[in-house]
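There are two complexes below, and they share subunit A, which is joined by subunit B in the first and by subunit C in the second.
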Partner chain A sequence: MTIHNLYIFERGGRCLFYSEWHRRRGPGIPQEEEFKLMFGMLFSLRSFVAKMSPTDMRDGFVAFHTSKYRLHYLETPSGLRLVLNTDLGVPSAREALQHIYGNLFVELVVKNPLCPPRAPVQSLLFRQRLDAFVRSLPYFGPRNPQN
Partner chain B sequence: MSRQGGRGTESKKMYWYLPFISPSASLQLMNSELFTLTYGALVTQLCKDYENDDDVNKQLDKMGYNIGVRLIEDFLARSNVGRCHDFRETADVIAKIAFKMYLGITPSITNWSPGGDEFSLILENNPLVDFVELPDNHSTLIYSNLLCGVLRGALEMVQMAVDVKFVQDTLKGDSVTEIRMKFIRRIEDNLPAGEE
Partner chain C sequence: MAIFSVYVVNKAGGLIYQLDHYAPRADTEKTFSFPLDLVLRPHDERVVVAFGQRDGIRVGHAVLAINGAEVNGRFTADGKDVLEFLGNPANYPVSIRFGRHRLSSNEKLMLASMFHSLFAIGSQLSPEVGSSGIEMLETDTFKLHCFQTLTGIKFMVLADPRQTGIDALLRKIYEIYSDFALKNPFYSLEMPIRCELFDQNLKLALEVAEKAGPFGPGS
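The block that comes next holds the complex of A and B.
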């Protein structure tokens, strides 16, 4: 079990924060391009999922997986989108994403007067605490990740 | 109001802007009189800085807006409220959860417009004005206008454009304080430019 990377987007598609851990293989495109693609994919998937849903839904989609990784997604009503990629051994990272939002992002970024709202996160403290939190997760596998 | 029951010495400190990573710390309550007096000091200073009441009202609204756009995140994280289906649900959440959480009061919701896009929040008791009387030369000052800005800013972040204003105020001799909220439109998501 392992964690690959984390993205935080604001409503307009700007990537506010990115961090990676066990990501062995890069995407082969510039990072800006990768963010755009990721956000565009989320945007489309989200609207498609909403159209297909038999009843009105609140949470939208929460995760998808491929043969190699699982993408966990959390969207807040304020339009913040958190994306965590892990390997297939992690069934749900929803609580971790909730924690990152409620206890790290809100406390360290939103309530930090030095961080302008909806701007890329510069706070070193946030980066450190986030890193410590992700490393403390039971499914953060430091040794011998498969992918 | 009393402080959250403290364990050890840590909880005796108040961290105003330095973040504090612990759920119990974020629930720390502030003494309500200190809060009321601080707000009073803020309005007083604005009255000194600006010539006329209209400018003070505008400034209060603007400050409130800036508070609101951040406060909504704290609210969503702490209350776990999901997206509202209609404006009536929004009204309920504002009155019963948000006001309760941040001001310790629960305003009542009345005077729905027939179209369901406008309502009033009636505040029996507004904690911001506990020790306040308006002097004669400030008759057009909307003392609690910050609240309007907060509501407007917070709702804008959840994609609702609203118009918020005071229509009655106990400071001006009315029997209750009434905030009128009007739904203007939903702010739709747009795919950022340059993408298909």
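The block that comes next holds the complex of A and C.
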């Protein structure tokens, strides 16, 4: 089990924060382009899911997985989008994302007078605390070399 | 436990088969007197609730029927504009049925090709090498399972989040496709599937998968 990377987007699509831990494969495209592609995909997935749903939705899209990784998604009412990529061994990272939003982002970025709203996060404290939190998660850890 | 619908998408992203197996009914019918205490707004060729959520009528629900007669997009059964009809006090009291708008076949085509590109982007954004596209999409109301064959055909099944045995079902659908569409001499590749036997066997497979339940042989 391992955690690959984390993206935080604001509602207009700008990437406020990006961090990676065990990422094997580079994006192959410039990082800015990758952010745009990721946000574009989430944006389309959101409207796709809202149209496909047979009944009214509450949270909307929560996660998807491919043969190699699982993407966990959390959208707050203010339109902030948190994306965490893990491997397939992690069933749900919703609590972790909620913790990152409620106890780290709100406390250290939103309430920080030196962080302008909707601007990329410069706060070193946020980066350190987030890194410490992610490393403390039970499913963080370098994956076994055989898989 | 339910399987909502099945989509088959060819390798170019075109929808070649679609079946709605089960649609949960969540319509609300109410009788209103003038003036209407909901704000309705035309949106995408239909009339939707824009404000005034109450009694199971939610923002985003469309007007489905007026006085028991189904509406046709933005027009009533006898060809009048829905908003004009509801703006006239002489037509009240009126009974209106609200509910989620059913997808039209055009929208289904569009959504199928939209998923085709999301599938490709999902594999491009992978942090790991050699990832496939989206295999399962989870939401709070349904799960979308997708199986792509080696020849690039995608089978998609929309099911209840608690429904199990979908992976086996997807392979079964592939088998049915091979047996009753591909082996049909009148079926041309990549074209919409119109084969009676395919329909029958698919419906049968869906029923079997639904009955199998969480611990049955299908899971």
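Note that in this section the second predicted complex is superposed on the first by the 142 of 147 C-alpha atoms of A that agree within 3 Å, B and C clash if a C-alpha of one lies under 4 Å from a C-alpha of the other, contacts with A are read in each partner's own complex, and residues count from 1 in each chain.
Criterion: a residue touches a chain if its C-beta (ideal position, glycine included) is under 8 Å from a C-beta of that chain, and two chains touch if they have at least 3 such contacts.
Predicted model only: the values in this text are computed from it and were never measured.
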Side-by-side fit of subunit B and subunit C on subunit A, or clash: fit
Which of subunit B and subunit C A:Ser67 touches, first, second, both or neither: second
Which of subunit B and subunit C A:Arg58 touches, first, second, both or neither: both
Residue contacts on subunit A - larger count, subunit B or subunit C: C
Which superposed partner A:Phe43 touches (first subunit B, second subunit C, both, neither): first
Subunit A-centred angle between subunit C and subunit B, computed on Cα centres after superposition, in steps of 10 °: 90
Partner chain(s) touched by A:Arg135 [first = subunit B, second = subunit C, both, neither]: neither
First, second, both or neither for A:Tyr101, with subunit B first and subunit C second: first
First, second, both or neither for A:Asn5, with subunit B first and subunit C second: second
Contacts of A:Pro77 with subunit B and subunit C, given as first, second, both or neither: first
Partner chain in contact with A:Glu34 - subunit B first, subunit C second, else both or neither: second
After fitting on chain A: smallest Cα gap, subunit B-subunit C, Å: 5
On subunit A, the residue positions that both subunit B and subunit C contact, one per complex: 40, 56, 58-59
Of all residues in subunit B, those that touch subunit A in their complex: 17, 19-21, 23, 26, 69-70, 72-74, 76-78, 81-85, 157-159, 189-192, 194-196
In the complex, subunit A residues that touch subunit C: 4-5, 20, 23-25, 27-28, 34, 37-38, 40-41, 44-45, 48-49, 51-69, 71, 85, 87
Touching residues on subunit C, where the partner in the complex is subunit A: 4-5, 23-24, 26, 58, 60, 100, 103, 107, 111, 114-115, 117-118, 121-142, 144, 158
Subunit B partner contacts - residues on subunit A that touch it in the complex: 11-14, 36, 39-40, 43, 56, 58-59, 76-80, 101-108, 110-113, 117, 125, 129
